[in-house]
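The same chain A turns up in both complexes below, where it pairs with chain B and then with chain C.
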Partner chain A sequence: RASSATAAPRRPFGEGSGMSLLDPKALPEVLGEAVSPGVRVVTLLNRSGLQLGSAGNNAAAATIAAIASKVWQSHEKVDDAGALGCLLIECSEGRLAIKSIASFLVACCADASVPFGALKSKVEMLHASLQWPLQHIGQ
Partner chain B sequence: MTSKTFQSLLPRLVGLKTLLVCDGEGAILLRAGDSGSELRLQRLSATFAQTTEHTGKLGLGKNRHITAFYEDAIIVHASCLPLVLSLMVDADANVGLILDELPQLVAALAPLQQHVERLNTQSGRD
Partner chain C sequence: MLQKVLLMGKSGAGKTSMRSIIFANYLARDTMRLGATIDVEHSHVRFLGNLVLNLWDCGGQEAFMENYFESQRDHIFRNVQVLIYVFDIESRELAKDIEYYGSCLQAMRQNSKTAKIFCLVHKMDLVPDEQREQVFRQSELQAVAAKHDLQVTCFKTSIWDETLYRAWSQMVHALIPNRDSLQTHLDKLCRVCQADEVVLFERATFLVICEAVLASHDDVHRHEKISNIIKQFKLSCSKSQAQFATMQVRNARYSAFIEGFTSTTYAMVIVSDPRIQPATTLINIEASRAHFESLIAQLKM
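Then we have the complex of A and B:
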């Protein structure tokens, strides 16, 4: 399912370019694998905070994507901090996990009933599933 | 100003490298552990103070804490407005235990928190 997130080029830029494109129909299915009781929305976004796809409560996904990007970039760019692997955010009415996948970010938002360990595992699972296809986007 | 309760909680933070309590502008009010990592943690604490307002717009209520998993350390920031409690622990530390102790740590900072709030209120009047 993860490999189907990138399709064979249907409209390549020039003949024989072999550029990989993202299959927009497959992405919500892959992200939906992380949706379980208590998980509100899972969204894949670029570093500018724009969504590529989501699963779950799509109405909230755009706002979560924009803020997740902002928070990630603020914590990522600090000197001498080493590579940032994952962010877990606890709020009074819910939780958010953010992880980078290639040049993108995945954010998983849940209510407080979802343990942090489970939330972290979900974004790591998505990282494992999507790392290879997302690395080849546009190549 | 630091309560004995707060000091007594520190030995329970297994894997702790550095602990800082800073105000909203990054000025250090309390410190414990390795001073070599203080500058890095202080910068990250100021970052948290700036981003916690954005996090509050997620529609998930107020931001309580953020845990950042870096390559060589785990950093936990907790909101104790107007203060920020920041902890740097080993990358392989049991972060669950650290998060479990956070409510007690935040509660133990209440005297300092209230003192800083009073000072901020007074300086706002002057």
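Then we have the complex of A and C:
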């Protein structure tokens, strides 16, 4: 599964020196690997808060993406904030994990029934799958 | 590389108006202030970067026309890549028009026999729909050409609608070599984006350069209509001291993205699958820019 995850969102473009573009149908499949009981939605978003794709409850993805980017930005604006590895947030009605991948962010929203350890390892797994392809878009 | 394009036809047929709208950012109504062209007006127009169109707008007054076929014959008709002959449907001297047309073709046959020849039957807006086919006279024009062992492609045109863009896009296509490789890459971009269609427009004129279509559409003239609409919008932006940059149209049926693409083109991407996020389409447009920039730079003109 892991090897198909790295190949999926990236599709070579031309003969010889190919050009990498994002496959809009493959991305939700890769994100879907993080969906398990209790996970509401997983979404990949750009720094402006617009989602690139999602898995799970897709209707909630746009809102989660907007919130996640704002929360991440708030941290980055603080002086001496340092590089953020992963953001784990306890909310009154669920929990959120956010991690950066290349120039994007991945956000995973779940019920309180999902342990934070599991949530964190989901975003780490998506990071491992998507880091290289997302870094090489357009090259 | 210079491509010599001859614009000929009787005085008042609309040659200078057309050229001004396509290449000089005139709006249709701006052309009302154009006067008669005296002898030949030369203009060099840069197209898609490497291609330079050397336009010869030949004034159509009788004195000049006689001149072209006599003393200036070689000068005018040699080394021509494209001849565009414009007929004015309002003309009351049809026989004379056809005579001049025939003389042109004869001169072309002698001096530039491999050139592409187009006939524009112009000012179609003045003719009611049901009469248009009749005044078009396509078979007659093609018959005259056949007599000189030449082939012509005919268009009905008007400066007041998209037909002008349809004719000029197709005429300019004839001048762009190696379009196949551009077509192949555009088809691939369309597939990867999962788009319905991707169209490349030349930046200054908004003429269609290339189109990749995966989902068929009822309106076969939609691209030239878009050329016409966006060009006018672009010009009205400039008149308000603003530069047209991008446009997005989103509704229940599709999302349309019109973005500056390479240094000499705009790209329009149409996506009708609602599951595909706009941000993804924009990333892919951005990511393919450099690739197309070098592709177009390599088109050997």
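Brief remarks on what is shown
Convention: the second predicted complex is superposed on the first by the 121 of 139 C-alpha atoms of A that agree within 3 Å, B and C clash if a C-alpha of one lies under 4 Å from a C-alpha of the other, contacts with A are read in each partner's own complex, and residues count from 1 in each chain.
As a working rule, a contact is a pair of C-beta atoms (placed from the backbone, for glycine too) under 8 Å apart; a residue touches a chain by one contact, two chains touch by 3 or more.
All values derive from a computational prediction rather than experimental measurement.
In the three-chain model built by superposing on chain A, chain B fits alongside chain C with no clash. Within the superposed three-chain model, A:Gly82 lies in touch with chain B and out of touch with chain C [touch as defined at top].
In the superposed model, A:Ile137 lies in contact with chain C only, and not with chain B. Of the two partner chains placed by superposition, only chain B is touched by A:Ile64; chain C is not.
Measured by the number of chain A residues touched, the leading partner among chain B and chain C is B.
Look at A:Pro37: by the touch rule set out above, it reaches neither chain B nor chain C. Once the two complexes are laid over each other on the shared chain, residue contacts for A:Glu93 go to chain B alone; chain C is not touched.
Following the chain A superposition, chain B and chain C show a smallest Cα-Cα distance of 20 angstrom. Those residues of chain A whose C-beta lies close enough to touch chain C in the complex are 11, 13-14, 19-25, 27-28, 45-46, 48, 50-53, 58, 137-138. In the complex of the two chains, the chain C residues touching chain A come out as 185, 188-189, 192-194, 273, 275-281, 283-284, 286-291.
The touching residues of chain A, when paired with chain B in their complex, are 60, 63-64, 67, 70-71, 74-75, 78-96, 109, 116-117.
Listed in rising order, the residues of chain B touching chain A in the complex are 40, 43-44, 47-48, 50-51, 54-73, 75, 96, 99.
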